[in-house]
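Take a look at these structures.
After this come two complexes, each holding subunit A, first together with subunit B and then together with subunit C.
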Partner chain A sequence: MPSRDPVKWAIWGLIFLGLAWVVVLVPNGPQYVINGIRFGSLLMLGAIGLSLTYKILNFANFSHGDILIFGAYVALTVDWLLVELIPRWSPGLAEVADGEVMRWLAIFAAMLAGIFAAVIMAYLIDRLIYRRMRRSAAVVLIIASFGMALFLRSLVQALWGTGNRAYAVRISLPYTFDFGLFQIKMNLLQIVTIVVALVLVTLLHFFLKYTKTGKAMRAMADNMDLARISGINTERMIAWTWAIGAGLAVVAGVFMGLNFGAISPNLGALVLLSLFAAVILGGIGSPYGAMLGGLMIGLAQNILVGPATGIATHYQPAVAFILMILMLLFRPQGLLGEAERRS
Partner chain B sequence: MVQILALGLMITTVVGLTLLLTRRSFFTGWGVILGLFVVWSGLLILSDRVGIEPSRMISYMVTFLILAGLYALLTLGLNVQWGYTGLFNIGVAGFFGVGAYVSTILVQDPQKLAVNPGLAGFFGHYFNQPFLVGLLGAMATAALLAILVGFATLRLRIDYLAIATIGISEILKIIVTNERTLTEGTRGIPNIPQPLYDCLVQQIIPKPPCQLPLLGWEIPPFLNPPQYNWFYILLVLGLLALGYWALERISRSPWGRALRAIREDEDAANSLGKNVFRFKMQSLIVGAVIMGAAGSLWAHFVKFVDPQIFDPVSGTFLVWVMLIVGGTGNNRGAILGAFILWSLWSATNFLNDVLPPTLDTPLGKLNVAAQLFGPVRVIAIVIVLELILLLRPRGILGEERQTSLLFKRPAD
Partner chain C sequence: MSLLKVENVTAGYGETMILNDVSIRLEEGEIVALIGPNGAGKSTLMKTIFGLLCPRSGRIALDGKEITGWPPDQIVRLGICYVPQTENVFPSLTVRENLEMGAYIRQDDLSFRIEEIFQIFPDLKAFQHKKAATLSGGQHQMLAMSRALMLDPKVLLLDEPSAGLAPKLVELIFEKIIHINQTGVSILMVEQNAKHALKLSDRGYVLATGRNRFEGSGNDLLNDPEVARLYLGG
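Moving on to the complex of A and B:
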């Protein structure tokens, strides 16, 4: 009954008014919107896993950001290794387009390696720790996941050091798209970012909607006991949840590293805040809510902060946090979520 | 050698404290204190024999006790929130750090900063107030933060409070790092004044002695600078004792019982007419106020704050492990856990002196202190935590059955 929900429509109204203001009145506004969509699509990928684990395993997973950064660092090592090795294997390929083709191939192969490592790590943590606590209260799981977050961060610091590290892909010159009324500048990397995110989200949609595993996962998210009664292998589905969540998170992490220019061990913790904000904004537990929320947070972080308003860009996580607090005050179930209010 | 002796001092303190806090009778308590003094004196005599000045050992010990006492205060604050009420605050560092910064800004004397040649700038926003104003300001700000977080999240599932508290701690770190005109950014604020320092410590240039308020008696300064920490240890341990006593009282009062009822079953407490939201908010505020006070005392002891005070490992995680190890819901357990973990934490600092500063590995040069030692220590503590969560979730002391003060126990 959407018409009976004034708060929800007020929020939608505010969002569209804000977008209209930026596009029409702010100089260079469409460019900010595109930047927002670019970062939003990355947050979207990261938030999906957080939302799935919240709904299926029933706890807020504080180690999600650090899984993301762990996978991104594995990809970093593999990336530089491949950039060293490919010229030896095939000198011809290394020449094409001044090595750009090779570097892109290397980053995608490295991303696969990073996904593999992060999924294994997430699954191992689940088997060793979370699985034994599945009958405990949610708070025990939260403490355990907070501990695992620090464990992964320390592991990354011990293996790769504390400084900033960059991937091998070079920043290329931007193309200018002229639409008459306004111009948008994007380089190859930024276009690839948006395309990859859109493709993955579409694939996830079809996976959840049409495959047997996807349907079973949605059933588990709706009602764990009913799912178990109807013969769904819940432990296998939980393994799938970790695989999808960690895998998408690593894609987000690698592309964040590419878009920001570098990754550092603390990036995971900073991003986690925006991811939680995205999940809460969209409505906790629904993957589509997480996608919507990620997009919203990305847009807000690029429009409300920066040249359009004059606030320093360091405050991007703060914007996400303030939006989250406002959402919790006025509509705690999020834009797409159903009511879960207590006491 | 210094390390071994200092370790001995720490271990005996912790063992003594364990016996003291788990004592069964009056005489074991005094016996333990007597035993502690004997062992300490023995260690100090030994250190004199091997050529280490006992005063160095003593000053090390005093510093250790002050910092451990401040951590115990933090753990007590967390115990009110998590142990009594089940409020999941993983932004302890936020309340702690905001206490430290607010107190510093209120108490700092602009003159003291201007002396430092590297820090020329605009210092008009330091208020040069007495320590007590800083302490109260720190407590009030921490309470305000708690109200802000509480209003948004306390009506919802417990996860939301966790997300909001960790969020506020990260945001505060971003603010103090970037608002350089207010907080000096990553350089930090040095030379923070200490409470009553000018009154108690003899200065090179003598100052007029302080007067006791109301009575008007003059107190001549009677301490030399290294002895000042003796006054500070009294201050910290006094506040710790006060906090412990007050919390023990309120945990046995109807208020404390209502909190525990909410922790065990919110709906049942609600149906008995307890305003769950209000009790939770009060508990969050009480905990936050204690954390803010600990932050203020910390800043004035180490005389320096920088954004590292919001570090989630030493500011939040360590406090959680202290509480879980010591015993959730038990104030004595909280203090014991803080002393045990802090002695482990500072004892492992000695490893840093033993290990080489850099290592040559096949993969390149490795900075042992930054890259290996810190992370490995955190990993070790995480393993301790996960093992305790899996094997002994109630901690060393665990929660005790608590009844009303009016309810007479059957004769022991």
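Moving on to the complex of A and C:
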């Protein structure tokens, strides 16, 4: 019975107490919450793919972060090209709002190109490598995905170099939202980040809940053999899984590049660790758990270190790991996961 | 020509062969029971027929068409459906979604067929928006059979439909099986509840250590002293 699970309710209690403490007692607290939601919504998008492949293909995909960064780099090149080319095609458009509209259009078009490239890459890797290992032990697939992670990172380094690269978008000045007792400063980029993540997560929810393909994906995650004997083409569903996971990861990657000011080839591997923490926190194998976990890790990293507690922000990654370890100790199935039943 | 024919099939996992040279057939309109001790290979035979396991040798034909080595999602298109013994519903999907998945290969509107299924299993209707994981044992088994019936198959494979159910529910499930058979579905079923199964079956096979041991009409097997002594518990 989920309602009689004291550990779960204790965790929820801690989360709400923590949030209440920050909002009410910490000076400038609501601002940290907003920062946490912004970063958390990116982790949320990244974590969904990790969770889906874990549930459906039964292995922890260590190359997920590098798929994310590969797509982000493809988007970087397309973005750069578009910012060069749009003024030649349409000088008028390039001048609207001092070029800002053009830059936003370019980044969204570039993101679509990055998604496309990453989806193709993920699909090809699956066809060429993982497909031969469908019946292998999970550890074989994990090692294979390690190999793919190194391959992708080296590919990115070979094509784009090892340094930091930035998108051609200008960060506008923040708007101040005044709620009387507290004020929140957000610029357009931060608002767009949160809105895009929420829209995509909502779309994914409707896709999984109401479309035939979405239902078939959930059915397959429940029981692969039963899905096959029901006539579900499992290979096609696996392709969908890769496409959704890689696509959302690239959106996360591009927005990380925008929010952090730059991307580097190692960013994927760094982020992967936070993504794993998110997936474990929420409950491994549940896409909704991944969303919740991403948000929680983002919030924790922006609230538990930094000005609110006086701990240096260098410890941000450590927060993710401490939470992950605590979760594995006290509730290994995660917040939304169900205890493993052995039949 | 038999509706379903398994000829000299040898199959297993890796190097271990579970089935050795097994042959069975199912004629149109029949109920055929497969009985035998645990580990005799009954469930393995079901999986092999449905393509979850590829036979090492032998052939399987449905309606005269050879399906040996076909993948399950192709076999299901030929009008044969299968209810595995365990894990035979999608627990995180609702009852209705389970039924929709049963007819995944159909492109048209399923609501009419779902209503027909609810007439066979009225208990399910009230639970149609509940997750399958929340169902009781009897409802679970009814949903498992309903999922397989969604395509209105010619052949239904049932693996231990009465396993783990209370006696009253066993009775109910067997009634439903007879009813389904009367609507024109030929049924091949594995049963632990051997006496009961043979009583309602047209024919039966006794499988032991992966081989055919006995074959006959349901009554003949019930009255065979050796079958009774070895497999029906005296």
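Assume the second predicted complex is superposed on the first by the 340 of 343 C-alpha atoms of A that agree within 3 Å, B and C clash if a C-alpha of one lies under 4 Å from a C-alpha of the other, contacts with A are read in each partner's own complex, and residues count from 1 in each chain.
We adopt the following convention: contacts are C-beta pairs under 8 Å (C-beta built on N, C-alpha and C of every residue); 3 or more make two chains touch, one makes a residue touch a chain.
The structure presented is a predicted model; accordingly, all values stated were derived computationally and were not measured.
One of subunit B and subunit C touches more residues of subunit A, and that partner is B. Of the two partner chains, subunit B is the only one that A:F321 touches; subunit C does not reach it. In the superposition on chain A, contact of A:A216 is made with subunit C only, not with subunit B. With both structures placed on the common chain, the touch criterion links A:A94 to neither subunit B nor subunit C.
In the overlay built on the shared chain, the residue A:G231 is in contact with subunit C alone; subunit B does not reach it.
In the superposition on chain A, A:F59 contacts subunit B only, with no contact to subunit C. By the document's definition of touching, of the two partners only subunit B reaches A:L329; subunit C does not.
Counting contacts as defined above, subunit A residues 343 meet subunit B in one complex and subunit C in the other.
Taken in their complex, subunit A has these residues touching subunit B: 54, 59-60, 62, 129, 132-133, 136, 138-140, 142-144, 146-148, 150-151, 153-155, 157-158, 161-162, 269-270, 273, 276-277, 280, 312, 314-315, 317-318, 321, 324-325, 328-329, 332, 340-343. Touching subunit C in their complex are the following residues of subunit A: 212, 215-216, 218-219, 221-223, 225-234, 343. On subunit C, the positions that touch subunit A within their shared complex are 50, 52, 71-73, 76-77, 81-82, 84, 86-93, 97, 100-102, 104-105, 147, 151. Residues of subunit B that touch subunit A in their complex: 86, 88, 90, 148, 151-153, 155-160, 162-164, 166-168, 170-171, 174-175, 177-178, 266-267, 270, 276-277, 312-313, 317, 320, 324, 367, 370-372, 374-376, 378-379, 382, 385-386, 389-390, 393.
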